[in-house]
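Quick one: this structure, given as structure tokens, is what I'll be asking you about.
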Amino acid sequence: MVEEIRSKAKELLKTKRVDIIIGYKRASDGVSATPAFVNTVEGADELIWDAYCTYNLSRYLNDFPGKKKGIVAKACDAKSIIVLLQENQLRREDIFVIGVECSGVIDEEKLRFGEGDADRIQFDQRCKGCDPSVYPICDLLIKDKGRAKTPGLEKDPYEAVRKFEVKSIQDRFNFWKEEFSRCIRCYACRGVCPSCYCPRCVADQTMPAWFSKATSFEGNFAWNVTRAIHLAGRCIDCGECERACPIGIPLRDINKKIEKDVKELFGYEAGLSDNGKPLFASFDKEDPEDFIR
Amino acid sequence: MMRVLTKEDLKKLINSLSNSFEVIGPKEIPNKGVFYSPITGGDELYMGDSFAIEPAKKFFLKPSCAILSEKPDGGFGLEDVGVPSDKRVIIGLRPCEARGLTLLDKIFDAEHKDKFYIEERSRTTLIGLACDKPDRGCFCTSMGGSPADGQGLDAIIFAAEGQYIVEVITDKGREIIGSTGKKLDDGEQKARKSDKKKRHDSVKTKITPPEGLDKMVDNDYWSEVSRACVSCGICTYLCPTCHCFDLVDEERKRLRCYDGCSFPDFTLEASGVNPRPTKKERYRQRVYHKFDYFKKNFGENLCVGCGRCIRYCPVKIDIAAIADGARV
Amino acid sequence: MDNIYLPHPARIIEVKQETPDIKTFKLKFDDEAIGRSFDYKPGQFVEASVSGEGEATFCVSNSPTRKGSIECSVKKMGKVTQGLHELDVGDPVGLRGPYGNGFPVEEMKGKNLVFIAGGIGLAPLRSLINYCLDKRADYKTITIINGARSSKDLVYKDEYKVWEKAKDTHLHLTVDYQEENWTCMVGMVPKILEEVKPTCENSIAIICGPPIMIKFTMPVLMKLGFCGPAIITTLEMKMKCGVGKCGRCNIGSRYICKDGPVFNYAQLEELGYGF
């Protein structure tokens, strides 16, 4: 696969179909991956692809205005690209999507700075709910011939959410109170998210300041809830926010809950097709409106 | 002074300290990692190999600290806010973090003394824990430290075959350790030296701190190495020496909150002008502050090689490799 | 231990609308002893607090030779400056300072002085101009070039007459475009400087204004023969603590709040930065 990615990247750069390839390269630790930005044919030789390539690179697509971009995209990244196209953050003709068949990425927490051992790889929890055969957008799909380790689809991707939903409101509140109280407000969840592209995030505004900048429960709660709600109908569950969180707040659990609500209330799933309008840009007279009373 | 403590001795010590001290130590939260937190009993203390995610800096430079409050009578005016004065001991912090505090002293306990930092420092005794298993992110020996280094500590604990050898460094440390456990045999004293060397050599990542960075300010290198940066605050907030802050007024208080040079807003002026408009300038600022500006002003690098920014960077930006590779 | 972040209570004793978005506030410490002991040099700054809004940095725009109050000219921009603009005579504020190095008034003795200001950049220079005029014998010819987008945007209009009449002092006012009833010069500051042609002989140029003005004025000063140490400016950057701790206002290894805000061009070049 790696050779196919490299040769395609070289071809795209040589023919000037794209100016830059956003892909993965080996990180300085010799084991994990780091984003690569390749703009020369020779540079394409540093591109890699394996289970360490966890990042959602579509986050970088808007870092190169006016340039044609090629991007190495997993199934989840492809969904993010759909969302960006739907929201007019990208022009289709400016990107070339090199889809890579993904069998799940590793759980970094469990491998963090231990010795890398591919056979004992623990797949990330987030990959268990992903159907990697769905590539909603790609210009070329590079297949994984030796694909064996697919984490597979969970029977019910919302099992954890359902278990949580039956708890009392007080229990649920206490759970999140404890989790959010530990938030250090580093905004890494925002930084890695392809859909958090607001030029001036609500958290940074000062006139007025919408919520406390202090790491107190009130401010942390406001930030985390605002982040999650703002991604309603837009989050494609790449799980990058949860992976990036240094102190381990289970952000995917909130994202999943909202995803489930959106699906049940509006029959909408984000990132599947760029034909439709984004959820919050569409209106249907069948939409439930029991919140207006 | 050297003492040998059994696990039981340490537990008892912590239990007895709880009567007269606020005790802070590493605590493990399952599936999340190790965090410095208040310890109520010896059983809670985590003395394993994993490093705390947040450095002990957070007890001296709090993530948000009230420095002024509006007068309670409702009249206008800001008044001073006190710092708790009860004695505190932090047990189990790592040598690199203590060294970080000695660097922060140069800023906060210098001209224009910051009482919030200084008073937290003076009420706290630091009992370090020497590292057994430095990981790939650690490069303390390249930054003038060592896994067995006592700089900035009042005492340091070496875990050794089911027991703890404690080296008392200052009077403050003596006050805590006192006559707990038993005295170390003279024969054992000798073995300490080779143990320290062994620990020193266990740090495998080595770099050469850069020199003459001022000659490569405009180098494209800084655009290259910062391209993957997602502009979050992990590297600065988790750094034992990053100390930049913001002052914000909230709820009738003025707070000093963490801030970092990686955020675009850090230098954004009200007029809309930003002297550090791109990731290039912002990441360069971080590296230069650590390996050039601080050295010019205080003679040392503002980095202790703890590896946190490398370990937790969401996209694996590696300051050790970047500093090592910054050559004119 | 003293709290270095604690401001002294002060009150607004006069407000003057300089331009549509700039007001000059005359402030007085509640405690007169503090007022008397508040010693500063032209070019130094204060941190001013507005209740509920926060704190912001302002240079002191009146001369220390005219004691009794602290004057700050404030352009309505962000949260704190908007808050200040809503205040009136008698309203309380907080003040701490003075901070920064100030202008090298001793080194400037016996020299011709060329002041070049754009917009609100005149604020720190006004303190220095009045200081020099009050100690007139210490300084030689004083040339002032002051520009603004339009006559509406000129600050300290009342003082121009005094400056014009002062001994051996030349004031050149300019606006960017011609206006009805405008009798002074027209054109951007760099062009006017070229026309005025002040001598570089035994002279120091002190320049303060928007970055774009400084950028285009520098080559003109160089052409006139001014060298690095003879060009002085006062820099501005977002500041919070004012005492070299919060870490955001550095230019190279120097903090504007502690080592500045006044630098000469030679120092800035050494730091690896132009103006």
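Order of writing sets the chain letters: A, B and C. Residues in each chain are counted from 1.
To be clear about the criterion, a contact is a pair of C-beta atoms (placed from the backbone, for glycine too) under 8 Å apart; a residue touches a chain by one contact, two chains touch by 3 or more.
Everything numeric in this text was worked out from a predicted model, so none of it was measured.
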| item | value |
| --- | --- |
| Chain of greatest Cα-centre distance to subunit C | A |
| Chain ID, smallest distance between chain and overall C-alpha centroids | B |
| Pair exhibiting more inter-chain C-beta contacts, B-C or A-C | B-C |
| Chain centre separation (subunit A, subunit B; CA means) in Å | 31 |
| Chain centre separation (subunit B, subunit C; CA means) in Å | 40 |
| Subunit A and subunit C, separation of their C-alpha mean positions in angstrom | 49 |
| Shared interface positions of subunit C, touching two or more other chains | 78-79 |
| Sequence positions of subunit B contacting 2 or more other chains | 246, 248 |
| Parts of subunit B lying in touch with subunit A, wherever the complex brings them together | 29, 31-33, 35, 53-54, 63-64, 135-137, 227-228, 230-234, 237-238, 246, 248, 250-251, 255, 257-258, 263, 265, 311-312, 314-318, 320-321 |
| In the complex with subunit A, residue positions of subunit C that touch it | 78-79, 82 |
| Subunit B partner contacts - residues on subunit A that touch it in the complex | 27-29, 32-35, 37, 55, 59-60, 63, 109, 112-113, 182, 184-188, 190-192, 204, 209, 212-216, 240, 243-244, 246-248 |
| Subunit C-facing residues of subunit B, complex | 67-68, 70, 76-81, 107-108, 111-115, 118-119, 214, 217, 243-249, 252, 254, 256, 259, 261, 266-271, 273, 275, 285, 288-289, 292-294, 296-297 |
| Of subunit C, residues touching subunit B in the complex | 1-7, 9, 49, 51-55, 77-79, 81, 92, 94, 211, 237-238, 240-241, 243-248, 250, 252-253, 272 |
